[in-house]
Amino acid sequence: MKIGVFVCHCGSNIEATVDTAAVAAAAREFPGVVFATDTMYTCSEPGQDEIVEAIKEHNLGGVVVASCTPRMHEQTFRRTVERAGLNKYLFEMANIREHVSWIGKDREANTNKSVDLVRMATEKLMRNRALHPKKFTINKRVLVIGGGVAGIQAALDCADGGLEVVLVEKTTTIGGKMAKLDKTFPTVDCSSCILGPRMVDVAQHPNITLYAYAEIEEINGYVGNFEIKVKKKATYVDWKNCTGCGICMDKCPSKKARDTFNEEIGFTKAINIPFPQAIPKKAKIDPEFCTMLKKGKCGVCAKVCPSGCIDYEMKDEFVTEKVGAIVTATGFDLFDWTVYGEYGGGRYPDVITSLQYERMLSASGPTGGHIKRPSDGKEPKNVVFIQCVGSRDKSVGRPYCTGFCCMYTAKQAILTKDHLPLSQSYVFYMDIRATGKLYDEFTRRAMEEYDTNYIRGRVSMIYPKGDKLLVRGADTLMGTQVEVDADLVVLAVGAEASAGASGLAEKLRISYDSYGFYMEGHPKLKPVETNTAGVYLAGACQGPKDIPSSVAQGSAAASKVLGLFSKDQLESDPQVSMVDIKRCIGCGKCIQTCPFGAIKEIDFRGMAKADVIETICQGCGICTSTCPQGAIQLQHATDNQILSEVNALCQF
Amino acid sequence: MKFQKELKDSIRKALPELDVVIGWCGSFDPLHATPHFIRREEDIEKLEIGPLSVHNLATYLPGLRGKKVGIVVKGCDSRSVIELLQEKLIARDDITIFGFPCTGVVDQAKIKKALGYVGNVESCDMSDKSVVIVAAGKAHSLELSDVLADKCHSCRYPDAIISDIFVGDKSGEAVPAPADYEALATFENLSLPDRFGFWLKELDRCIRCYACRSACPLCVCRDHCAAESREPHWLSQENNVRDKLMFQVIHAYHLAGRCTECGECQRACPVDIPVLMLKQKMNKEIRDIFKYEAGVDPEETPPLLSFKMEEENITEKDW
Amino acid sequence: MPVLEGKELRIVGFLCNWCSYGGADTAGVGRFKQPTDLRIIKVPCSGRIDPLFVVKALMNGADGVLVSGCHPRDCHYAEGNFYARRRLEIMHKFLPILGYEPGRFEYTWVSASEGQRWQQVVTSFTEQIHKLGPAPKILGPEASDTLGLMQAAL
Amino acid sequence: MNTSLNYAYYPGCSSTGTSIEYDMSSRAVCAALDIKLTDVPDWNCCGSTPAHTVDHSLSSALSARNLDQVSSMGLDSCITPCPSCLANLKTASHRMEDKAFRDKVNNLLEKPANTNISTKSVLQILVEDYGIENIRKRVVKPLNGLVVGAYYGCILNRPPHLMQFDDREHPMAMDNIMEALGATVVPFPLKVECCGASFGIPRKDVVMRLSGKLLDTAEAIGAQALVTACPLCQMNLDMRQNQINHANGSHHNMPIFYFTQLLGLALGLTEKELGMNKLCVSPRTLLDAMANGENLKEKAA
């Protein structure tokens, strides 16, 4: 094989600490290399053209590019060599940027290491074979996990684009966190007025199947052909017949059930519909508080239900859905702020979270939109907002910025003044992060027009003083201590990955960061993709996001799905395992260890042999390292290819 | 031996249903036995079992796949049969296992070492405790226990673990003690450079005949062994000690969790390289980490072909 | 030849494509300084790594071998690293009988987001190998080629 | 109850002076509960004020010697009533884990010190080793609803990683003991606030302000007395109460007990054994009322 080597400067990114010309010169001496050069930006148009020309001029059979990580530009260069008529697998990359030039400044060592990496790449390349993808048909249905605003947007966009959508929501209603909000920043328009119609659209869209109060049990398959097992949790109410009239909730004598929708400000009934605009508007029994389910006595709801749909015997149910793509929009949860002992650790009823406050502000909330202190129901006069509770704080393991608390705190300060004109709001902040359209103007309004007292500093202690809470903190701009007699303290709690995010990630086979947020395919260029083909991300499951960004991502994920489904067939990755039937002795160890069931036993002239189902094989290569005689080889990562790299590096 | 007749009777009874029964018979001189393939009634009388029945006949089973095979097994051999069954390399229905209480087999190397060259062996009497060999008209006497194979001294399974027909009295229900790896422990007292040098020195003798592989009942790849393949190309065919040692590591690793330490590899080695020790090392680690012993339970899965989400006995490095 | 005499030792890394290779990229993007000895071979999954590659590298003259995959339960292929953990652990325990220090070969898990952890792993593994010094090498086709020099060294 | 609790006891310098009643009552209580204390032989200053602010190695050397003395007793755990001593002993042990520092300190000493000694406060062992339920069983003269606030001060459980005791923001050890003794415990919101002790000499005005606030708050929540576990806190609140009143124009007359004094009382020990006469703000009225069996909670209401 005649090989061409292109060593990229990447501007000064590589050239500054690697002598690329020397690397190219060394490469010229390698067996098989007939052409080697260094180029300024190999990925640029002239850079790519140079490769195409060299392939033609030198009749190259394979190309090595030494530049950035293959995760960045492998696809780019594969297309380049394809353009010149080479099979795209006759290409190798040597990562001399992320793995060399960026991690040390020793030019001699870096240059030497780059030469090694190029040698490895050429040795492997010489053992590469042209590979050809297989086509397979796909199921053009999409699963959206999570019915918050991002999931709703993704579902509606996909459905409007003509796809069948399965939307799975963990709670009994879609709407997510946004449904709990009173108003939205920076427009201060009513949250349920803008979200409500979209929720209704979901319910009425002919292309959308909604499973509320359901969870993902199992995911099998691969892009184009996933098989999803959905657990429909027992509601004890036959939803087919439930009209959502609410009589059961009215009459239920068990009044102390946890009201999670209202963030547990007050209680709800053991049988309940979370809020009037719920979609679907169906009742559900909370078995923890239902006397009938606990003690076998009561049965009031069954008696009063006009459509007779109460079923105390109901069990969880499982349904299987086949889809071709998955959008994950599982959102976020709130940081458990009670680890902050200095804020009372949960002992003071008048220290509440921002989302609890939001429910209080909401006209459909438990206080009917009146701001009342939980302790005595009085209207507060001084309201203190504390920002960055569980954000930007290493000591509680949350060093990241949640990003939207500054904005909702400004909004809540404004709303406080609207509700209680005689009130005074104080905001303890670290920095104000208001980097959206009209955002900074909005926080300035909170300060200037609504007379909110912004104090730059952290709060060191909250303690009760009479019926008030004394909030003591630092004012770092003044260099003094400040103490505020507060009637109500609202904590701007940060966002964290939703509980169960990591469990779902394992089912989806996508990765997540150390906080549990899902990893996107590329931090800049693949914001809604994951490294698992056919799985996309929308909204805060990837990292904290405000509403506009979540909606944008919902649409972006939908457009990715629509793009994927624009073809009737997908090409399977040819980097799959292949059995050398002559060498296979039919021992079945590969079949035993394949995680995907992609290898089956076949009969070949009366002998048992292994056979790979190419569209199912995911290319992990467990089989290859299991087969003692090496009869099954993962294409593009064969034993010989890896051995050639080892041998290139370790030459005795 | 007293159960020899009983065994012959059982084979006679079973033979009509079988294609072949494998046992041992006399060989070129009275000091050696050889595998014996009984196909006809008249072959049965030649069957001889005793301290010379050294060969692990399970080695032949994968090659006879599809045939109805009877096999006479020592306790250690039966473990190889179990392992082959476990890996579904042979079918249980196809084989009939004849077990007997083994009292140990000799190590020819030890006899050779004790006696040196003695000329043509004329007779050999192996009573309970002693061995009397008459060669070139001269009698040589040895203690049997001095010439028993190492594995017999620490034998934990004298009776076949699995058998269809068992002749003679079982040696007892003794629960096998955990294997002790004394020789291995002694070797591991050597310094690392000494161990490295040891293997180079030993393997230097290797003539790459692959007798170790051919004798191994679990080397089922046969003609497709990675040692001589170009696809994949793990080893060169050159005469160098690196590849010779690498082959032994490949052999040991491919047997990890499968090897029953029957010792055939080492017995077959014409230049007496102690290759079994590498397999014992694998087995010891497998036992310590996975609490697993190969060739005991046909229903088990070899540990390297399975996993647990939480591994109790693996402590990963803390960085 | 491959290493800078007296400065570097020969360290081979086998990294899975999905987590650890990405983690090494993340470390690069973050400009986390690392020793230059390590050369990385990318494989799709830690389950693809035949422990015999490790032995092959050592016998061919590597001074250290590092394997890194996705954290348990986070394998892109669900189970690859579970198999890898068993097989690599066995090889880790086996190597000393051949005369290689156990610390010549380590395996670990680094996710794509853990650039800092990668830096930490590379740095401390490289230090560990430098502390051990060059690995025993097979210097020629005959044992005497090696043993003679070993004797001379002693 | 037969306990096998056995500790080396490090009294600390205050115990021979300003907080002699803390020392007396600690010893008396431990004796009454069958907790064996053996004084650290030839103990010296722990190196707290002022050494710890000017010379870390000297300060740690002082503590290290004390710990070494404990180890020479054949014991591996040592208790002290004083949180300041405790902090310094623990700091020394912690710093001595660093080899360079250890060498420096050992250089100052006659012989290298073994500082691998577990150190705890009297309060900690009563709660963790003896147990509040066991204390409850030993109460013979309950405190009749005496309304107390528990004041821990700022160093008893901080820095948390070093002190390893109770909640750093909201400790409950003394509250729980007092409750077990039959007192009415009112939640004292400033329980871990600073009394100003380290400014005791140079900036008395700060002490007046900080300790004054503590007393104001105690009165506001209806406490009849405060209990403390720290000689410096107790001294500021008790001995300086008059000065505080004078500086702030307040009229507090609030007894400041060591928790061991009230514990001793409930265990049936005499006022004399507990050094009640050493307190500056007289607890006479409260003690008499308790002795007369009056319900102090009702009285407060």
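Order of writing sets the labels: A, B, C and D. Residues in every chain begin at 1.
In the analysis below, contacts are C-beta pairs under 8 Å (C-beta built on N, C-alpha and C of every residue); 3 or more make two chains touch, one makes a residue touch a chain.
Keep in mind the model is a prediction, meaning the values are calculated, not measured.
**Student:** Find the chain most remote from chain A, comparing centres computed as mean CA coordinates.
**Tutor:** Chain centre farthest from chain A's centre: B.
**Student:** Could you grab the centroid distance between chain A and chain C? Build each centroid from C-alpha atoms only and quote it in angstrom.
**Tutor:** 32
**Student:** I'd like the Å distance between the centres of chain A and chain B, where a centre is the mean of that chain's Cα atoms.
**Tutor:** 55
**Student:** Report the inter-centroid distance (CA atoms only) between chain A and chain D in whole Å.
**Tutor:** Whole-Å distance between the two chain centres: 51.
**Student:** Considering chain B alone, which of its residues make contact with at least two other chains?
**Tutor:** As it turns out, chain B has residues touching two or more other chains at 234, 242.
**Student:** Where in chain A do residues touch two or more of the other chains?
**Tutor:** Answer for chain A, listing residues that touch two or more other chains: 593, 626, 639, 643, 652.
**Student:** Which chain D residues touch at least two other chains?
**Tutor:** None at all.
**Student:** Is the way these chains touch best called a line, a ring, a star, complete, or other?
**Tutor:** Other.
**Student:** Which chain pairs here would you call touching?
**Tutor:** Pairs of chains that touch one another: A-B, A-C, A-D, B-C.
**Student:** Inside the complex, what are the residues of chain B that reach chain A?
**Tutor:** Those residues of chain B that touch chain A are 87-89, 220-222, 224-226, 229, 231-234, 242, 254, 301, 305.
**Student:** Hey, which residues of chain C end up touching chain B in the complex?
**Tutor:** Where chain C meets chain B, its residues are 51-52, 55-56, 59-60, 72-73, 79, 82-83, 85-87, 89-91, 93-94, 96-101, 106-109, 117, 120-121, 124, 136, 138, 140-144, 146-147, 150, 154.
**Student:** Under the touch definition given earlier, write down the residues of chain A that touch chain D in their complex.
**Tutor:** 340-342, 344-345, 347, 461, 463-466, 470
**Student:** Quick check: in the complex, which residue numbers of chain A touch chain B?
**Tutor:** Counting only chain A, the residues touching chain B are 580, 582-585, 587-589, 592-593, 626, 628-631, 633, 638-640, 643, 652.
**Student:** Which chain C residues qualify as touching chain A in the complex?
**Tutor:** Against chain A, chain C makes touches at 1-4, 7-8, 10, 12, 18-19, 21-22, 24-25, 27-29, 31-36, 39-45, 47-50, 53, 56-57, 60-62, 70, 73-80, 83, 87, 111-114, 119, 137-139.
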